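Next up: the structures, one after another.
What follows is chain A paired twice: with chain B in the first complex and chain C in the second.
After this line comes the complex of A and B, so read on.
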């Protein structure tokens, strides 16, 4: 663990050095995240100017949910996002050879390699929004204490599902489309589960449990009787982690190294 | 003179055909990259509005009942696919990777090559949009407008797609100075989706925002074309001139940036 932490520290410092050497891109990334935050929150606010409820939730409840999801997005952008895009490139060019040769977990060296420091600058905004709407929905002290764990849990489930999805790139000539699929999955998860109905909802809550990422923790925070959703989320995380190890090792065996 | 024109048309035609093959070579990637996002975006909006209207089926929000709201978003899907589907990925990559060196010796300009490529992309998008339109009309989700309204809507949407191309081209040629132009493109998409009425109709926005937006090209990219298709066309002439103005501005800027940028070009990898 100590070894991995020291390696990750190096990953972060080299990523920051690379990113800050292209200052315009660095600043544009911060502005891009800012626009995304503002447009998402404003859209929901404009809808609530004309309706009092969406499903069972009032404005502050939905905006708390949205802030929770945007906080997960922010952490995802910071820690993982770039690595997914680099992975599809490395597979195509054969650069992956040098990464999987390193004496550490290949999942770690592939998906934790790139840290996006620019997202760190927007974290206070996302965190501020989460705290502001948390106060509006009157969270109790114990609920506040749970938020960091629930954020980590939500982020973990999201990335494990994305890791599995990305593994399919081993079987494709060009995996860039998978990254777009990943982004669409995030878009679906950014809304509470109650807006979806029927079979689609069941599928997105079980077989591909992306709706659990935000809906399970937030529903649990609002009403602890929703604990089965949270238990389901933890179960999904365990099952999908086992599945990831299996498909990842199959994928590595399938990898035929474009550079050799 | 005629012979030169014929030769030029031949070059355009062959480039369009080559680009068509390139676009359709990886069909799954094309679907996931070009169609998938618009489809999921529509799916989310459909579910969101279904959820909102499920509280009261007869509810009218700023003049929209449930059917009209779904009609609005279906047209947003179609308009978005035709008018704003194109991205200048290849263009900026050509500059960054040093691939434009070949264009400098080809008897075919860089802008001509990318415009021909855009035309082939548009042909594919129009085909997919037409197919989608037939499917949703057959499913009873959408009522097709009269031929006159349809013609006007299609012409207006195609005109917007030309503007969108010049704007995308603009972000692409900035690759002479920027390491990553995808950030600008994504930012442009986020701003356009929000300010053009692609996420929610502009009728739901505060009036003072809409009043300001009417002086920018944004509402004319999605909101007004949808209104034309829905038979409620207004601001058509104003929109035409605003888009024309911005198309000329971006075309001029693209020309100037290319001239300046090519002096900085170092032909990476040569």
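After this line comes the complex of A and C, so read on.
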């Protein structure tokens, strides 16, 4: 663990060195994240100007949910998002050769390699929003204590599903389609589960459980009788982690590398 | 005799790709119906390497050299056959195994492009858990030997190809590997840079006694570094032996060149048996002469023609290689 932490620390400092070499791009990424935050919050506020409830939730509840998801999104952008795009390039160009040669878990070497420092600048905004709407929905002290763990749980489930999807690039080679699919999946997960109905909802809660990422923890925070959802989320995380290890090792065996 | 550090038995690797006709129609057709093509990249390859050996793996483009290197390092998995490096199956990707090997690819970089090489070295230090004292000592030594001490803090993208390759070598050797795979480490470099890198590898090997497998298109690399040569043609091993034996593979012929004081316009029947190669201005001829005929032929020519210079040399390894590439059947008698 110490070894992994020391390498991760280097990943972070190396990524910061790379990212800050291009100042304009660095600032544009901060602005882009900011626009994304503002447009999401503004669109929900606009809808609530015309209705008092969406599904079972009032405005502050939905905005708390959105803040929770935006916080996960912020962590995802910071820790993983760049690596998904790089993985696709590395597979195509054969640069992956060097990465999988390193004496560490290949999943770690591939998906934790690029840290996006620009997202760190927006973290206070996302965190502030989560605290603000948490206060608005009157969370109890124990609920506040649970939030960090639930955020990590949500982020873990999201990335494990994304890792599995990305593993398919070993067979497909071109990763653009998969990366856009991943982004659309995140887009679906950004809304509470009750807005989806029928088969789609069932699929997105079980086979591809992306709706659990935000809905399970937030529903549990609002009403602890929703614990089965949270238990289901933890079960999904375990099952999908096992599946990830299996498909990843198959993917590595399938890897042909690009010729030089 | 010690157990081999690398043991390869009947190794095979095939790749499947798809045939695509050109143009839009071809794209649509291949979108719905693919015609798979199986390419046998490595066929029934066997050899052993002992500790401290330097082996040159030579062959034309597409012969399977890089595929072999990738199998040795565990990057790709063999289709069949046995492969043990340091007693381990490379494709199992054991972490201890990965700490003991290094790969340098002349056409790919492991350094981060947008930061100085030193930052990449520091990351590698953490990857391989190299102590600070060892790290500093190795960086100091290698950068001095390679003459890149002043370049360690320059962004990699600003370095020349030769400088970058020196940094790549340093990056690969920081963890003091037991087996080193060098895939065309001098490709595209000027003569001075090639020479620097060869000297560095030679020196490194002398001090560390590690096993090295090197692929290259440059015969000078092989001549300068290797004790043993393995030739690969179309995925198959063509020759495995010493460099001296390889040079004699076409027989005990020498290359003899004669320079004349004026263009020789007559057709010399006497030379025709020795595959003469005339210079454009007809003032120089190069002959391939077997050792037994060397004395008599040379004295005849010197006596009867206006010779100003005369030189004899072993058959250049490049020429042997070229001849074998054009006529791989010549190797049939050498197949191991």
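The criterion applied here is as follows: the second predicted complex is superposed on the first by the 257 of 260 C-alpha atoms of A that agree within 3 Å, B and C clash if a C-alpha of one lies under 4 Å from a C-alpha of the other, contacts with A are read in each partner's own complex, and residues count from 1 in each chain.
To be clear about the criterion, contacts are C-beta pairs under 8 Å (C-beta built on N, C-alpha and C of every residue); 3 or more make two chains touch, one makes a residue touch a chain.
Because the structure is predicted, anything quoted here is derived from the model rather than measured.
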{"item": "Touching partner for A:152 - first (chain B), second (chain C), both, neither", "value": "neither"}
{"item": "Touched partner set for A:7, first chain B, second chain C, both or neither", "value": "second"}
{"item": "Touching partner for A:135 - first (chain B), second (chain C), both, neither", "value": "neither"}
{"item": "Chain B versus chain C as contact partner of A:32, first or second or both or neither", "value": "first"}
{"item": "First (chain B), second (chain C), both or neither touched by A:195", "value": "first"}
{"item": "If touched residues of chain A are counted for chain B and for chain C, the larger one", "value": "B"}
{"item": "Which of chain B and chain C A:235 touches, first, second, both or neither", "value": "neither"}
{"item": "Contacts of A:24 with chain B and chain C, given as first, second, both or neither", "value": "first"}
{"item": "Doubly contacted chain A residues - partners chain C and chain B", "value": "22"}
{"item": "Touch list for chain A against partner chain B, complex", "value": "22, 24-25, 28-29, 31-32, 35-36, 39, 42-43, 46-47, 49-51, 53-55, 172-174, 176-178, 180-181, 183-184, 187-188, 191, 194-197"}
{"item": "In the complex with chain A, residue positions of chain C that touch it", "value": "15, 66, 70, 73-77, 91, 93, 95-96, 98-99, 101, 103, 105-110, 112, 114-115, 119-120, 122-123, 126-129, 155, 183-184"}
{"item": "List of chain B residues in touch with chain A within their complex", "value": "26, 28-33, 36-37, 40-41, 43-44, 47-48, 50-52, 54-55, 59, 61-62, 177-180, 183-184, 186-187, 190-191, 193-194, 199-200, 204-206"}
{"item": "Contact footprint of chain C on chain A as seen in their complex", "value": "3, 6-7, 9-11, 13-14, 17-18, 21-22, 94-95, 97-98, 100-104, 106, 252-253, 255-257, 259-260"}
